[in-house]
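Same chain, two partners: chain A is paired with chain B first, then with chain C.
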Partner chain A sequence: MIQHFPILSIMVLFLGAFLVVLVGRSRIARTAVVSAAVLTSFALMVALIKPVMIDGQIISYWMGNWAPVSGYAIGIGIEVDALSLFFGLLVSLAVMLSGFYSFKYITQDDSPDLFFTLYLMLAGGVMGIVLSGDLFNIFVMLEVMTFAAVALTAFRSWNPNAREAAFKYLVVGSLGSTFVLLGTALVYGQCHTLNLAQISGLLSVNGINPTMTFAFALLFTGFGVKAFMTPFHPIAADAHAAAPSSVSVLISGVFTKTGVYGIIRVSYFLFKSMGMSSMQTGLVFIGCVSMFVCVTMALNQHDFKRLLAFHSISQIGYILTSLGLCSAIGIAGGLYHAINHTLFKGLLFLTAGAVLYATGTTKLEKLGGLARRMPQTAALFMVGAFSISGIPPFNGFVSKWMIYQAAYEKAAETGSIGYAFVTVIAVVTSVLTLASFVKVGQSVFFGELPVELENVKETPLSMRIPMWIMAALCLLTGVLPGLMQQYIINPAVRATLDYKGYIDAMMGEGYAAAHLADTVPLAEAKYTFAGAWDPAFWLVLFVIVLLGVTVAMMIGKSGRGAATAIADDKHDTFFGGEKNTFSQVGGGDLFWGFKYNFRRYLNVMGNAHSGVVNDYVTWGVIDLALIIVYCFIFM
Partner chain B sequence: MMLVNYIGAVLLLATGFYVMMTKENIIKIVIGMGIIDYGLNLIIVSIGFNEGGTAPIFTMSELKPGMYFVDPVPQALTLTSIVIGACVTAMALTLCIKLYEEYGTLNSSHIRRLRG
Partner chain C sequence: MKLLMNLVYILIFPGLLFSSVFGLWLAGIDRKILARMQKRVGPPVMQPTYDFFKLMGKETIIPDNAARSTFLLAPYIGLASLIVTVLFIPIAGIQAFGGVADIVVILYLLTIPSLAIMFGGSASGSPFAGVGVSRTMVAIMSYELPLILIMLAVGRLAGRGFDMGITFSLEKIAQYQAANGPNLFCWSMIPAAVAMLFVIPCEVGAQPFDVGEAETEICEGPLVEYSGTPLAIFKLSHAIKMFVMTLLFTALFLGGISTGMLWLDVVIVLGICAVVTLVCMTLAHAITARLKVEQMFRLFWTVIAGLALLSLILVWIGI
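Our next item is the complex of A and B:
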């Protein structure tokens, strides 16, 4: 009975997608079908918590009952262990809440029935990826998901940027799919199977030859595209800003998680490469670059949703970094941050959608003072902003704390100063995140209310309820970390580090023991919280940051001359008179001094994000080449 | 014999990447994506090929010892990949038409409202 749940939770979404086309013209029928599909999917996932998470069962299911013959998997398998279920729960929760929000939200667009078809296709594709046990099946679902996401990005016919964003997304996204497919083909050529469990076993026996190193680099980069790791982040920013907000929730909270899931499966499970310190360094480096570059890009944005999009990738950088640390607490922190990212980022995108629904714009300069007109949305935004910046009672604090601790422990364990520096980057990124949300809060919800927005009304109740649920979950996951860890996080961490059960459940008892005899688990799946922190660490951290700032100031001083023209009087020294009356600091420009001092860096970054699709493809191909070279040297 | 296939496939992939990186006409970018697809399909089919193998269908004639067949799985994969490639091309061209209507150009260096 229970082994049918995973496939059903995928199928109801696809079935719903096709039913909506038939009956979607009527609003009631549409609402009923979509609600039934997303609720069933979520309920089936929740029903699996007890057997999988708590009892430690692993559910395997062969499509059409094509069980393995003499140790060779011939059918397509669906397999759910704690890690898959973790992502499955995340996905179905976000899909459900965002779907309920969409019922009212999407009435501003034409053809809402088609919207829900694509929406459920996207949801089904993502569920298919995280629950699948077959590499090629993952690729197909990846394509279903990408198509649906591209079509949804282009969906808003009245948004002038939507088609451009969708085209760039399609081009760069299909680049990622190409990498995944090529990697899959090479793996098949070597192992003659597509089943994840069997590949994992055979790769342990055969060892990693150059072809497999190449395949690893391709699969890693391909899933990296889906997670929008750094050289691929511009398309994410475009797509988030152009898509309807409820779709942004899915792209940010769900779509990127498939990339993270893929990276975990490929590096921890298939190739077992995370035991190597070089691979750990590589993933941590990519994560750090992602989080820092994107958070600084976010400072320069003038569009609410585009800003949120850059923050989304920056938070994905946190997840990749802590997964790269490859210690139990690192993985736990990464997975915890993954669930938190879905919740607070979803909440923030939904508030952005509420602002867009009520005012018709997301330009920061045109908004202001909305807290008076939309008090609940403002409160919800504050919850999301506090969570993402890691303010203590909310969930961001817990996961970021775990990530800092993991990086420090790694530094202590390996004795390398680089990992201590990772913590510094993570803390600085967190501060910059807070700064940029202060700016957004100031320019959207506080300050002066523009005359055009006098008649703005609070969003309808059906849109507020999903937001309140998300806000409540943000708080709950923040104040009850013990429960979360016990029932959700720790089983997933154990499944990541000890995958023997996954292989045995799929290929029959004893398969793992026969193939993985000489491999040891990467790390003990146990960790303790640093409940009372050591003030010495904070002193060291403070000194490092102080030194960094001093060095940066000295470098900045030597290079600054009269050549830099000052565009606005507000940067000039004020002597008196009335000139300054005309150069006020707007709410959207709260950190003008900061931006002014970092203008060189910000200009370089701004110019690099040129908006030309060829450039983004070139970045992607160069990135792939670098990763391949790195893997060949160090793997 | 198979080496030629692999060299050809790699050349196709390289051509496709080159086109996607350098050509500014967005239709040409779509063509580049198509070329990459063909290169991939060629690689996958070559992986499953056995010199002198027969078609993997057993219902027609009796089996003789020493007979062997080509691997059917990569062929199925290629078929799927071709279908997906066709969808990608169709969707990308649709977007090209829309972009031309909205921007009045097919030059990718002019289609860049979203930047920075």
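Our next item is the complex of A and C:
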């Protein structure tokens, strides 16, 4: 029974997409179809937690029952181990919440039926990638996903920026797909199979010859494009800024995860390159560059959603870095951060969408003081901002804390101080992240309210509920890291390191043992912490102290009358005697001390992000060339 | 009984009551000695305490422009998280709640009070607060880089003593110092300790690094619209922050001093806190003028971070 769940969870999404085209004109039918599709998909994934995560089963499924013939996989296989399920859960959760949010959000646009068709295509494509056990099938789904995402980016086609962003996305996205296709073709030429498990087994037998090294570089870069790792990040910035917010949630929280997932599959499972210290260094380097470059770019942005887009890639940098460390705690930290990234980034994009919905703009300079008009959105924004900046006890902190330890332990283990600087860069990135969210808070939600925004109203309830769910999950995953690790993270970490089980489940018991004579050793799936952190405990103490303080203050205040409500100028804002004109401080005016010291760097970066798609393609090709050279030298 | 003990920890020692009283006392000493250095008589040592109670009795004015709930909640959240931080730092071998937080956690917990000031100020809607928020954030960016380098250096030193490679646990750091003498007496740690002496005033927001609250320029920045009880809480938080930061200094560099008598150990630690305050805050305040924002940032990311980095490298190569 349960072996049908993965394929069903993909199919309901595609089926929903086609049904929406038929019946989507009617609002009720559309809502019903989309809700049914996303809910079923999520429910099927949740139903798999028990067998896959807890009991450790690996589900394999041959489409059309095309089982392997004389040892060669000829059919398309679906294979779900804990790692696939982990990403499947993330994807279906984000798709569900963002879908519910869209019902109301998208009413401001024309043709919502087309929106939901593309939306479900995108979702189905992503689910197809993370659950598939077949390299070519992954490529096909990658294309479905990319084109749906490009079309959704251009969805508000009255906006020239959207069309331009979609075009850039199309060009660079195709570049990535081409890399993946070329890599797949080379792998097929060498191994005569497209099944991931069998490729993994055969590559261990045949060894990695130069063609395979080339294929690895292509696949790695191709998936890197999907994860928007530096230097592909400018595309993400344009796309997020132009796309509807609920689509940004998918592009940031889900689409990029397929890139991360692809990189894990390629480097941990297929080529087992992560056992090599040179490959670890390479991935950590890419991660650190993405992390730091994107966060400094984000500090310079004047648009709410562009800023979020850069942060999105910066957080992907954290994930890549910790996956590159290749220790059990590193992988655990990276996967934990992947969950958190989907949650807090989703929340932040949804709040940005709420601001856009209510005010019609996301320009930081034009906004201000919205906390008084949209108090709930402001509170939700703060939860998201604290989570992404890693303020305890929210979820971002737990995963970052694990990543810091992983990097520093790696430094102690290998005796190279270089990894200590990974920790330092990660901490600095974290504080810069905090800075740019303080900037958003000051520019959008606090400060003075511009006259034009006097009549802004809070967003409708149906948009707030998905946001509250995400916020609650941000807090829960932050406060209960033990449970998360036990039931979600550790099985996925074990699966990441256990490619033998993956091969056996697909190709039959004993296949791995026959093919994996001597393999590159990977770390054990056990880890201990160098420090200690118990957020639940902190929260309890915090509440007690907060109560204590409040009670003490109440006692101190008793016997005094309430403040009088006479209207006089003592309730005005202090302007030092100047005339009270609109003098909002925000947007580009903040953090002068930082920007001044980094002015040369920021100028160079600003010029480099020229917005010309030719430049970005050139960067991409140069990046591929560098990766190929690196792989040929060190692999 | 255990519950009662924990409540005593939380509310009396070293929690709410003790850290408030001692923090205000430290602030008082700071002001008194500063005045003596400037040949003034200065206020009585109890003055910050009097100020606190006086402010408590004043009317709380909420500007029309403010986002009310954030404006009013921010001070309490900042104070509460500061006090919880005190509970995690060992004092003379007593750690109220050991094994639940480490140095990286402390690093992040210490940003919450600053965040409370920033968001509270931001919520007041004043442009002065806006400038103050920007500057406070730059101050945080400034000290965070040296602080993490210091913590990594200490973590490596103590971790090697335990055959673990590294440790982030404050408990382990305290044990290491109890066995091997305070870290300050280890040559490689001296640059880090000096760097820490610069980080403390920056984190507390004392001159010459008080850019965020610069009274003479931006009228106390984020606090400009605050009055009455919330302002009193912020003033109290400021005083407690002095205590927390100096306590952190003792935990990292001068832990493990033991005479066998608990009360004497505690007194010694408190004495060290007072001396550190004197050296890095009072003295610095008396002899320097406020730095510009960009000068401060450059100082911290070059000289101070350089000192901390020197320590880290020295520890790493095993001196």
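Please note the rule applied: the second predicted complex is superposed on the first by the 574 of 635 C-alpha atoms of A that agree within 3 Å, B and C clash if a C-alpha of one lies under 4 Å from a C-alpha of the other, contacts with A are read in each partner's own complex, and residues count from 1 in each chain.
Note that in this section a contact is a pair of C-beta atoms (placed from the backbone, for glycine too) under 8 Å apart; a residue touches a chain by one contact, two chains touch by 3 or more.
Nothing here was measured: the structure is a model prediction, and the numbers come from that model.
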item: Partner chain in contact with A:17 - chain B first, chain C second, else both or neither; value: neither
item: First (chain B), second (chain C), both or neither touched by A:241; value: first
item: Touching partner for A:174 - first (chain B), second (chain C), both, neither; value: first
item: Partner chain(s) touched by A:610 [first = chain B, second = chain C, both, neither]; value: first
item: Touching partner for A:188 - first (chain B), second (chain C), both, neither; value: first
item: Touched partner set for A:165, first chain B, second chain C, both or neither; value: first
item: Per-residue touch tally on chain A - higher for chain B or for chain C; value: C
item: First, second, both or neither for A:106, with chain B first and chain C second; value: neither
item: First, second, both or neither for A:37, with chain B first and chain C second; value: neither
item: Chain A residues touching chain B - in the complex, by the definition given at the top; value: 136, 140, 143, 147, 150-151, 154, 160-161, 163-168, 170-171, 174-175, 177-178, 181-182, 184-186, 188-189, 192, 194, 237-238, 241-242, 300, 606-607, 609-614, 617-618, 621
item: Partner chain A, residues of chain C touching it in the complex; value: 10-11, 15-16, 53, 56-57, 59-70, 76-77, 79-81, 83-84, 87, 97, 99-105, 107-109, 111-112, 115, 118-119, 122-128, 130-131, 133-135, 137-138, 140-142, 144-145, 148-149, 152, 155-156, 159, 164-169, 211, 219, 224-225, 229, 233, 292-294, 296-298, 301, 312-313, 316
item: Residues of chain B defined as touching chain A within the complex; value: 13, 17, 20-24, 26, 29, 33, 36-37, 40, 43-44, 47, 71, 73-74, 77, 80-81, 84, 87-88, 91-92, 95-96, 98-99, 102-103, 108-109, 111-116
item: Parts of chain A lying in touch with chain C, wherever the complex brings them together; value: 369, 371-372, 375, 378, 382, 386, 390-392, 397, 401, 404-405, 408-409, 411-413, 417, 420, 423-424, 427-428, 431-432, 434-435, 438-439, 441-442, 445-449, 529-534, 537-538, 541-542, 544-546, 548-550, 552-553, 556-557, 560, 563, 570-576, 583-586, 589-594, 596-597
